[in-house]
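Order of writing sets the chain letters: A, B, C and D. Residues in each chain are counted from 1.
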Amino acid sequence: MTQRVKNPTLRVILVTLDQVFYIARMGISVRGIGRVILGFLDTLGGIVTLLVQTLLNLLRPPYRFRLMIAQAEVAGWKSLPLIGITLGFLGMIVILELHFQLSRLLHNTSLVPGVAGLLFFREFGPTVVAAMMAAKVGAGFTAEIGSMNTTDQIDALKLMGVSPVHYLAVPRFVGCMSMQVCMSIIGLFCCIAAGYLASLPEFNLQSYISIMNSYVGWPDFINLILKAVGLGWVVPIVSCHYGFRCRGGARGVGDATTRAVVTAILIIIVIDFTITAIADKLVVAAMSFL
Amino acid sequence: MIKRLFNYLWQLPFMVTGHLFTWLGPVISEIGSMSLFFWQVIKSIFHRPFEVREFIIQLYQVGVRSIPVVLLAGLFVGAIVSIQFHYALSQFGAGALQYLGGVTTSGLLREVAPVLVSVMIAARVGAYITAELATMKVTEQVDAVRCLGADPLRFLVVPRFLAVTIMIFILTILGLIIATAGGALSAYLLTGMGISKYFASIRSLAAAWALFNGMFKSLLFGVLLSTVSCYKGLNTDGGSEGVGRAVNSCLVTSAIAIFLADYIIARLASLTFEVAESFLFFMEI
Amino acid sequence: MESSNIIEAEGLRVRLADRLVLDGMDFSVKKGEMVALMGISGSGKSTLLRAIVGLFSMEAGRISVAGFPMGPSDRSNLGRIRRSTGMLFQGNALFDSMSVAGNIGFVLQEVLRLPSAEIEERVNGLLERLHLGPIGNKFPSELSGGMKKRVGIARAVAHNPEVVFYDDPTAGLDPITENVISGLIAELRSGGRQSGVVVTNQLAVARKTSDRAVLVRQGKALELGPVAGLSASDIPELKEKDPKGRPASQS
Amino acid sequence: MIEYDNVWKSFGDNRVLKGISLDVREGETFFVLGQTGAGKTVMVRLLVGLLHADSGAVRIDGEDITGFSEQDFQRIRKKCGMVFQLPTLFDSMTVFENIAFGLRRLGNLSEEEIGERVKNTLEDVELDFSICLRLPHELSFGEQKRVGLARTVILSPRYVLYDEPTTGLDPFTADRINDLVLRLNRKMGATAIVVSHDLLSMNKIADRVGLLYKGEFRFVGPVKDFNRSDDPVVAEFRGGGEA
């Protein structure tokens, strides 16, 4: 059919569309969907087994503290500028938005810092920090381990009697987990400080802090730590998983890195949802326990 | 010992400013070269011939294959936002709860949907384009394109640039719809609020202005994102670890660019809104 | 298995991505002997090497390395086999996040956990033996192709294993460096105690480094006999015919 | 006719080319030998504007191209084809699209003509037409190399530059590539510059040889003289023995 079309551009479009449908049809066929589901389960299985392996290796001597500190530095110090900037802007945006919403809704904007504080503690602190860690630190781990994989360094490790999970995954897990908790707290302060800057004309420091204190209490702080830990394992484990399984060549490393970041962010969102949905019950239980 | 300490303290401010500039210098030069790159890409869009074939394939690679990711992320984030607002609004007493639908949707519309979709697209597409272009550069394919008489900007960058910008706009709309549905669903399931009640309050709050604001924001993110990812892709050095580094810095730069642009627009929007409101007030509408 | 063989592989079958790469391979190396594994790319010579050290799992057959048996199901001796072997990968596989001294001394420090004084002494000994000079704290990215290869060799023999494997040691090197590396491999085994396998498709390298040659074709091993008498005509697919009819490789 | 006149090139403090001068005659196959990293590839890349010389002149058909801009090089690249060391095929395109890529850029050919020329070029590189619809990663390394060769040769350039055509290939496949290069150069009557450290392909396809050593030409002359020369560096490079 496409041969009869005279106009060259139109014919190129039709030929390409035909090619695209051909590629898409492969995806939509039963075998295609089957492959996607299997791929999803395989990834999930791989991630869970790596998590279990890492936890088991965690307790096995020799403990390589030097490596853990090195990874902590990569996960913490190097990602500080990114966390600071993004969380800072986020704080300002939230204050501006709430100001706009509440002024039109309840016509009194005196409670803006309170609501903002709630959002910072419960939502924007841990989740956005986790997402940024996935982008900066997760991509870095996958790229590093991926390129080690393509140049046979992982096989070399195995041959020298050192388990790659123990030498590569454990230090990154410990470093990244601990740094994620610290970064959540630092990110929180960036949010609050930047939020104060954005709310300046209307609030001075004293009133800003007092209103925020009246709404935010200890349960929200526990919620923050809970989420930081709950999300903390995702970045190192998912990125190491994709790094170990990375195909050969520069293209392999590129693909592995992009998939690692996307999967990490998706898992972060799903876990964040589960924690948020059952947060109230958890916090109440934690409070009664204290 | 005291003298050494004093000496150190005395130097500290200079060291910090030194660090700041050593860190700031390259950042500013990068922003400069990126905007130059952006200008070259815009110029070469209008050069004959336009790569139709590549453009369509990129539309498929960028857009169609990102739909599942955007759907999944949108659904859950919509639910999260509505739960958080429910908790926040409940502090104001029962009266405020009826506005939950409006506040959540408006929050999603103006802020969360564009930013969320852009961050997902930055990860799913931006990093993919950087990885693909970096791989082509590392394996000398970009040189091959030049040696065969084609301009890499027009052949590689322009199709991807347009595909990302158009697809981000469409995916934001899709993400918005799914997120609102997620919000309504979680409000109904977790807090027992009727679906119709949830949607009733939307009409009053989510004015067309907010819709325009969100759409404009997603277009701007699209342009920012495609410039950063194409630039980082073509400026790679070193072998396969060079590719990994390029992808990493693309993600970081896009994240910062998205939040910075978001803040600027939020600031502009609030200014213009006040102007528009006083204008409306003046006109007694 | 007579004790004289340091490596013994019988009826080895290895499948990679549903392609039968090794099909009933028999291969053995006597103590103190150096064997050259030859064959065109894709014939399975590297796969055999990696199967012996357990990087690829076997479908069938038995392997014994340095007296430790290993089969498709029981891989209990894997750790012991790996401790008594050393491998130089085709791409050197040096850890680019570690200095040269860190690379060479890796096994001594992380596995054998020797005192740092002894590690340093052994590393410097190896650096001299491979004519590398004091580049202990340089990083792999700063070295030339030839030097990277020699650091790879030093790392492979650091824990003086009984068997050393060289996976295409002269790939992508120019004639001068290729000569130097083959010389080093020959010199390293002069101790007689160390046996090994060299994977290559360069006749000159096989002649210089090994005693006996084995041809690998479609996953099976064909004995070619001592390297001395070997000439290009014996290996049909490696025939390096030269238009002017002169004997192919000069050296 | 290609001339290098006192060309200097350095990357930072690593001086790669130290004032080299060379004339490559019309229709000749000139072989550039040297250790890895001795600057061979740099020399060739200067011709197609992938790199720019620090000083000195590079003349193609009498035209000095050192000061050229990207647009000027578009014209030069029409008559200077380059075959890279890695096959550098475009992964997202079929073999047919890869080979036809250069032709499509000329813009004046109909689909039928392009199909015809691709078919002929595939026969030149001993690949049958059925390979057209397959993707690069489905081919063997040898086949990818030959498609890369076809992609450049289809434009029938007057000068063909080969960057390490046989590196990384086992002797059998390398031998077939050497045959192809020899036959194609004769068929097109093109002038060829081959950069490599493979002595066997030098003996087979080279008319004249230049040994690049530490940024300078240690020897320039016919293959016969190279094999008989007693210059210590040349001897060492030849692997010691008398040819």
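Throughout what follows, contacts are C-beta pairs under 8 Å (C-beta built on N, C-alpha and C of every residue); 3 or more make two chains touch, one makes a residue touch a chain.
The model shown is predicted, which means the values in this text are computed figures rather than measured ones.
Asker: Strictly by the touch rule at the top, which chains does chain A share as contacts with chain C?
Answerer: A chain counts here if it touches both chain A and chain C, and no chain qualifies.
Asker: Any chance you could check whether B-D or C-D wins on number of contacting C-beta pairs?
Answerer: By number of C-beta pairs in contact, C-D is the larger.
Asker: Roughly how far is chain B from chain C, centre to centre by C-alpha average, rounded to an integer in Å?
Answerer: 51
Asker: What's the distance between the Cα centroids of chain B and chain D, rounded to whole Å?
Answerer: The answer is 44 Å.
Asker: Distance from the CA centroid of chain C to that of chain D, rounded to the nearest Å?
Answerer: 34
Asker: Report the inter-chain centroid distance for chain A and chain B in whole angstrom, where each centroid is the mean of the CA atoms.
Answerer: Taking the average C-alpha coordinate of chain A and of chain B, the gap between them is 16 Å.
Asker: Hunt down the residues of chain D that sit against at least two other chains at once, touch-wise.
Answerer: There are none in chain D.
Asker: Please list all residues of chain C that touch 2 or more other chains.
Answerer: 96
Asker: Find every residue in chain A that makes contact with two or more other chains and list them.
Answerer: Residue numbers touching two or more other chains: 144, 151, 251.
Asker: What topology does the chain contact graph adopt: line, ring, star, complete, or other?
Answerer: ring
Asker: Please list, in label order, each pair of chains that touches.
Answerer: Contacting pairs: A-B, A-C, B-D, C-D.
Asker: Write out the stretch or stretches of chain D touching chain B in their complex.
Answerer: Those residues of chain D that touch chain B are 48-50, 70, 73-74, 77-78, 81-82, 84-86, 88-90, 92, 101-102, 105-107, 151-152, 155.
Asker: For chain B, which residues count as touching chain A in their complex?
Answerer: Touching chain A from chain B are residues 23, 52-53, 56-57, 60, 64, 69, 72-73, 76-77, 79-80, 83-84, 87-88, 91-92, 96, 99, 102-103, 106-107, 110-111, 119-120, 122-124, 127-128, 130-132, 134-135, 138-139, 186, 190, 205, 239-245, 247-248, 251-252, 255-256, 259-260, 262-263, 266-267, 269-270, 273.
Asker: Which part of chain A faces chain C closely enough to touch in the complex?
Answerer: 62, 144, 148, 151-153, 155-156, 158-162, 167
Asker: Once bound in the complex, which stretches of chain A touch chain B?
Answerer: Against chain B, chain A makes touches at 9, 12-13, 15-17, 19-20, 23-24, 81-82, 85-86, 89-90, 92-93, 96-97, 99-101, 104-106, 111, 114-115, 118-119, 122-123, 127, 131-132, 134-136, 139-140, 142-144, 146-147, 150-151, 215, 249-255, 257-258, 261-262, 265-266, 269-270, 272-273, 276-277, 280.
Asker: Which residues, counting only chain C, touch chain A once they are in their complex?
Answerer: 50, 53, 55, 79, 82-83, 85, 87, 89-97, 106-107, 110-111, 113
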